[in-house]
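Provided herewith is a single structure, encoded as C-alpha cells, for subsequent inquiry.
The first chain written gets the first letter, and so on, giving A, B, C, D, E and F; residue counts start at 1 in each chain.
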Amino acid sequence: VEQMQMRDSLRMYNNLVEKCFSNCVDTFRRKTLDKDEDKCIRRCAEKFLKHTARVSMRFAELNSGAATPD
Amino acid sequence: MAAMPGSPSGINREQAFAVAQQEMEYRVDLFNKLAGTCFEKCMEKRLKEGDLNVGETSCIDRCVAKYWQVTGIIGQMLSAGGGGVAPR
Amino acid sequence: VEQMQMRDSLRMYNNLVEKCFSNCVDTFRRKTLDKDEDKCIRRCAEKFLKHTARVSMRFAELNSGAATPD
Amino acid sequence: MAAMPGSPSGINREQAFAVAQQEMEYRVDLFNKLAGTCFEKCMEKRLKEGDLNVGETSCIDRCVAKYWQVTGIIGQMLSAGGGGVAPR
Amino acid sequence: VEQMQMRDSLRMYNNLVEKCFSNCVDTFRRKTLDKDEDKCIRRCAEKFLKHTARVSMRFAELNSGAATPD
Amino acid sequence: MAAMPGSPSGINREQAFAVAQQEMEYRVDLFNKLAGTCFEKCMEKRLKEGDLNVGETSCIDRCVAKYWQVTGIIGQMLSAGGGGVAPR
C-alpha cells in the first residue's frame, strides 16, 4: 500500500510538471526559463496543489457519504 | 465492489487482497480524472496569483459534486441495462 | 485474467464518466445537474456504449483476419 | 509477438505467462486508443439521441479499418528500418 | 527489466500510431488510406522516431548531469 | 529517490527492488510526458518531410532543457513547503 501511495505521488508530480509546463512555456529561443515563465510556473504549481487539496477534501466527504445540501 | 458481509470462508486472503487493490486503483483513477477535469473547467487561464479565488473555489466544490452525480447515473445505467459492469 | 478484465471494465467506466462529463457539463452555478445536462449525460453514455460495442466487433474481425472488402 | 512454434523446452511457464500478459496489455491499450480516437473522429458533437446514426456507424467501421492499416504500416517501418521494435 | 522495456516499446508504438493517425486521417469515405494519408503517416512516423531519439539523447545527458551552456 | 549510501542491513532485497522499479517507472513516465509535450510544442503541423528541420531540432533541445528546469523548480517547492513528496 505504501508503495502504491509512493507511486501515486510520483505520478501526481509528473502530471503537475506537465500541466504547468504546457500552460506557462511557449517560446523556445533560449534554453532557460525567462522571468515571466518562472513566475507562471510557481503560481501554477501552487494553484494546482491547492486545487488538489480542495478536491481531495470534497472527494473524501462524498466517499464517506456526507453529502451536503446546495 | 461493495463490502461483502458474510463472505464464504472459501475466499482466501490473496483474492481478497487483489480485489481491495483493484478497488483502490479504481478510486485513484477516478480521483485523478475528476481532479484533472475540474482543473480544466474551473481554473482561470490567466494566472494572476497562486491562490484560488472565491469563484474558483466554489466552482471546484460544484464540479466535484456534479462529477460524483454523473458517476452514479452512469453506474446505474450500466448495472440496469448493461453488460454486468456495475461498479459503484 | 479475470482480474485484468475487471480492471479494464473499471477503467472503461472511468473513461466513460470523464468523457461524458466533459462533453455535457459546463456550468457550475449549482451543485446538481440540471435537466439538459442529465439528458445529455444519458445520451452520451448510451452512445459511448454502442460505439464501444461496434468497435469491439470490428476489432475482433480484424484480429481474426476476417477483413472484408470496402 | 507472434506465436512461437517449436519453442525450445528451456522456456519456462512463468516467462510464457509474462509474454502472454504483455501481448494482452498491448492489445487492450491498442483497443482503448483506437476506440477513443474513432469516438473523437466520428461522433457528432450535438447529442440529439443515444443511438448511432447511419453516418456514425459507417464512420466507425472505416475508422477502425484505417487505424488497423496504419498499425500495419508503422509496424513494418519499425521492423524494417528500426530498432527491433516490431510488434504486429 | 527486460519485460519493462518490452512493455514500454509496445506502449510507445501505440502512442506513435495514435498520434500519427490523429494528425493524418480525417476523412472516412473509404475504408483504406488514400495516397496523401499514406504519405502523411510515413512522414509523421519518421519524424516522431527522430524526435524521440533526439529527446532521448538530451534526456540522458541531463540525467547524467552533463548540462551544457546555452 | 536518491541512492541510499550505507543503508542499514535490515532492508531486504525485495524492498530495494521495489524502490528501483518505482524509480524507473517514474523516469519512464517523465520521459513520455516530456517527449509528448515537446512534440506538441516543437513539431510543425504541416508535415512537409520526415526529417527534423533546424528550427525543430533546436526547439527540442531547448524544450527538454526547460522541462528539466521546471522539474527542478517544482520538486524544490514540494520538498520545501510541502507534503513530503519530493522526488528529484
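What we mean here is this: a residue touches a chain if its C-beta (ideal position, glycine included) is under 8 Å from a C-beta of that chain, and two chains touch if they have at least 3 such contacts.
The shown structure was predicted, so the numbers you read here are calculated from the model rather than taken from an experiment.
K.L.:
Under the touch criterion given at the top, what is the topological distance in steps from chain B to chain F?
P.N.:
Between chain B and chain F, the shortest chain-hopping route counts 2.
K.L.:
Which one of the chains is farthest from chain C, going by Cα centres?
P.N.:
F
K.L.:
Please indicate which chain is farthest from chain D, where distance is taken between mean Cα coordinates of the chains.
P.N.:
With centres defined by C-alpha atoms, farthest from chain D sits A.
K.L.:
Please tell me whether E-F or A-F has the greater number of C-beta pairs in contact.
P.N.:
Top pair by contacting C-beta pairs is A-F.
K.L.:
Between chain A and chain B, what distance separates the C-alpha centroids? Give it in angstrom.
P.N.:
Comparing mean C-alpha positions, chain B is 18 Å from chain A.
K.L.:
Could you work out how far the Cα centre of chain B sits from that of chain D, in whole Å?
P.N.:
The answer is 28 Å.
K.L.:
At what distance in angstrom does the C-alpha mean of chain E lie from that of chain B?
P.N.:
Centres of chain B and chain E (C-alpha means) sit 32 Å apart.
K.L.:
When you check chain A against every other chain, which residues touch at least two of them?
P.N.:
If we look for residues of chain A contacting two or more partner chains, we find 11-12, 15, 30-32, 42, 45-46.
K.L.:
Among the residues of chain D, which ones contact at least 2 other chains?
P.N.:
In chain D, the residues touching two or more other chains are 34, 42, 61, 65.
K.L.:
Help me check something: in the complex, which residues belonging to chain F touch chain E?
P.N.:
Chain F reaches chain E through residues 21, 24-25, 27-28, 31-32, 34-36, 38-39, 42-43, 45, 47-52, 56-57, 60-61, 64-65, 68.
K.L.:
Quick check: in the complex, which residue numbers of chain C touch chain D?
P.N.:
For this pair, the touching residues of chain C are 1, 4, 8, 11-12, 15, 19, 23-24, 40, 42-48, 50-52, 54-56, 58-59, 62-63, 67.
K.L.:
Under the definition above, what is the set of chain F residues touching chain A in their complex?
P.N.:
Interface residues on chain F, with respect to chain A: 18, 22, 25-26, 29-30, 33-34, 37, 40-42, 58-59, 61-63, 65-67, 69-71, 73-75, 77-78, 82, 85, 87.
K.L.:
Along chain A, where are the residues that touch chain F in the complex?
P.N.:
Listed in rising order, the residues are 3, 6-7, 9-18, 20-22, 25-26, 28-33, 37-38, 41-42, 45-46, 49.
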